[in-house]
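By letter and in written order, the chains are A, B and C; residue numbering begins at 1 in each of them.
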Amino acid sequence: MKLTFDQNLFTQIGLDSGSLTMLGGVTHRFLEPGQYRGVVYRNGENLADFYVNVDKNSPVAQANIDLAAFEPTQAAAATSTTGSTCNCQRESAKAGTKFEVNPKGYAVFHVSAGAGGYAVRVSKAAEDPKQQNPFDSRELKGDDIFSAVILRPGTYSATNTLGGKEKGKIIVGYPKIGKTAYRPPSPVKVACSERGFEPGKLELQPGQAILFHAAVPTRITLELTKADDGPADRAAHVRSGWKKAALPDKKKKKA
Amino acid sequence: MGYTDNCDLYAAVHEDGINLVAQHVMRQRPSWFNFATQYVSDHLDLACSPVAHTIDVTDYKNPLFKVVSPVPILGADSPPVGLNFCVQLVKAEVDFYPGNIFTLPAVLNPPLPQQHLAMHVQICGGMDCPSEFLNGFLPTPTSPGEATNVQPTQEVVPPTRRLLCFCLDAYLVAHVGVQIVSGKPSLVGIVDSVDVVGIKPKGLSDNVNCYLKTTFELLLKEKLIFPISTMLFDIPLLSLATITAQLTPNPPIPNNPSIDDNQLKIFITLTVAP
Amino acid sequence: MSHITIAASAKAFQQLFNEVENNFSFSKSDTANFGPFSASYSVSVHLSGGNLQLNNDNTIELQNVDIVFGTLDFKLCLDLPGFCIPSFCLVPDPWNGCLVGFPGFCIGGPICADLNLSGLTSQITDLKASLAPKYYIDPARLPGWTDLDAELNGHSNQWQIYIDPVLVNVAPIDVPATIDNILVNAITNAIDNLFPSWLPGWAVDIIMAFLGPIANLITDLLGITTSIAEWLSNLLGNLFGLLSLLETAIADYFASKYPLYQFEDPFPILPASGGLIPVKIPIRNLAATIDSQEMIVQANVGA
């Protein structure tokens, strides 16, 4: 058997809305119709540009923009470093790719594979900077939403690096094998205001999403402060090597 | 009533079967039943009776006759003279109790007693009568005083053109016992009495009867002895390490082996190791 | 009246039968693909115990004979192309939909578990047979040979008495309920062995939680609607056809492979001695019957 999944899912601990990875995404609404130009950054470096046509007549309510698809070696990256053959088949987005969305719809910036570290800046194609109405994932505001998923059990500290007085606390529980296959509960909403996070403390299950609504300029970082490696007596899943599973000695039926 | 009501293994041989077995033995081991001098053995047409035998006997170069020395002419030593002869057992038949195949001579006190068998054998024999040899016979001269030092003169056996044959009917009464031979319980015949019909005077008859009784006793003990397992065709049970077989004792079996109902019967009890 | 009569009591017959039973062996291996999974087995079987009954209708009946799988190596491979842990919502949209799903992870190729099922048993629930004497002529015997030639060359004719079954019924393989845990552990171990060494324990636990109880996973994947024990018994016994194979092998063995009783014909009553050939007696008209008390073998001496 061959297990195939993206290693980054389990090795990247902590999230940053300004440096998106597979476990985090940003949702933004372009309220004004017009042509927009976007730039994808990876670790601060300009990676590619793209265009978004915000059109009242567009039937598209949601434009999914996979930032990992702008990688020049996207196709290779999708399989070479991760070996992924998951159901996240992506189409390679060439520089200059055009997207379309209705002004009442949403643009979703996410990362489908790889190490991430992406940010995106989108602004209207206008000469007047006041009319450019820029959006930058490194500074969320308005109706922007940062969606985060934490897999690694433990206690996290949530911080709005652009403001907010209080830090939030998130506790992600340790997974348990129940009577049925585990599926994460519904997402939890958190408001980001000047006061900090509401609610300020969350108890989540692994894989349960948090939706940070940015009411004020926001850049969320989630940092592991205390890892939870499970109960001390948890069964160790270690390679057992080859071992023949045998029936216990059966007692003779007859004397 | 079952055969094994009082035992675990039972085997019986009917006298008709035994008589066929006797014929097979005589045909396949003719040298046990035919005796002759070398000359007669080399000239089969001289025998008193043709020697019945299977093709295997000659194919495997088995002898038809047991070669024996000529009958010496008593007193003749210049040279010693011996006569060719042969003795053949040409017929043998067995009658298990109750007797119904042949009638025993009165001297054997018929009828055949319980648990006994009778045997009728026909023995034919003949000896050379070398009258022509004597006509031209010249004794070998001997020197006085040298008797102790001279080499014995080779025996002269006159060439034979025919034997003067005769046949005798002999009857014997016997029973069957069990002896351990080579570690195996075996059936052995024990001769009780013998009578050769038609021999007189009584002294001669007694001698012949004694000779034959001794002969049969020895033959039965030396050669015609059969492991009990043979009667059971070597049934595999008898060779199992977990099984001990023994003749069923009395009681419940009063005679074991038993001769009755024209059969020879044996009864065996098995003990199975846990 | 027959020249020769041999009888064996029920007790003696039981001992004869034990020899036949103890010498039975059956080996078989097979591999088959059943769609969502494939399986293979290698088995060797022997018989043990049972109740033997002699009947007055000239038959014997055998019941409750253990069929012991002295060796039963079983290998189960779950063939899982495209089986994926379903994705879950990674980036939910504000209206409780899902914008970005957890990409999930997939399991491809076979996962195999080796199970040593040695010691499992089944039973001959019923075997009814009569006795069948047969005259065996060694095919290697040359036409020109005498019986003595044949004996000396090791190709004698034989009288053989076989147990000739008219029916054989074998019960389903008795798989204990503990097989559930054994199979679950074997599959769990197989999965554990797949995790890359870099994968932290908590991640393994998350994946295992996603997989859910392995027992459920197994039953779902294998389409098991009964217990695992029943499923395995059915797989081996019916889908692989082991029960039919065993019934045929047992019937064939008793009927023609291992005689209850056999002896050479002609039967040697005096061994070769002093250069003299053995004395052999031809046996004719061999018959074997049985009643509730004993087996009776009768024959005549040939002329």
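Note that a contact is a pair of C-beta atoms (placed from the backbone, for glycine too) under 8 Å apart; a residue touches a chain by one contact, two chains touch by 3 or more.
These numbers come from a predicted model, not from an experiment.
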item: Chain-level touch network, classified as line, ring, star, complete or other; value: line
item: Chain at the geometric heart of the assembly (C-alpha centres); value: C
item: CA centroid of chain A to CA centroid of chain C, Å; value: 57
item: Whole-Å gap between the CA centroids of chain A and chain B; value: 112
item: Multi-chain contact sites of chain A, meaning residues that touch two or more partners; value: none
item: Residue ranges of chain C in contact with chain A within the complex; value: 49, 66, 80, 84-94, 96, 99-121, 176, 178-179, 182-183, 185-186, 189-213, 216-217
item: Residue ranges of chain A touching chain C (in the complex, touch as defined); value: 1-7, 9-11, 22-25, 27, 62, 64, 84-88, 106, 108, 110, 112-113, 145, 147, 149, 151-153, 174-184, 186-187, 206-207, 209, 211, 227-230, 234, 236-250, 253-254
item: Partner chain B, residues of chain C touching it in the complex; value: 1-9, 11-12, 15-16, 19, 146, 148-149, 261, 263, 267, 269-270, 275-283, 291, 293-294, 296, 300-303
item: Chain B - residues contacting chain C, complex; value: 2-5, 7-14, 16-17, 20-21, 23-25, 28-29, 31, 54-57, 59-60, 62, 226, 230-237, 240, 243, 262-263, 270, 272
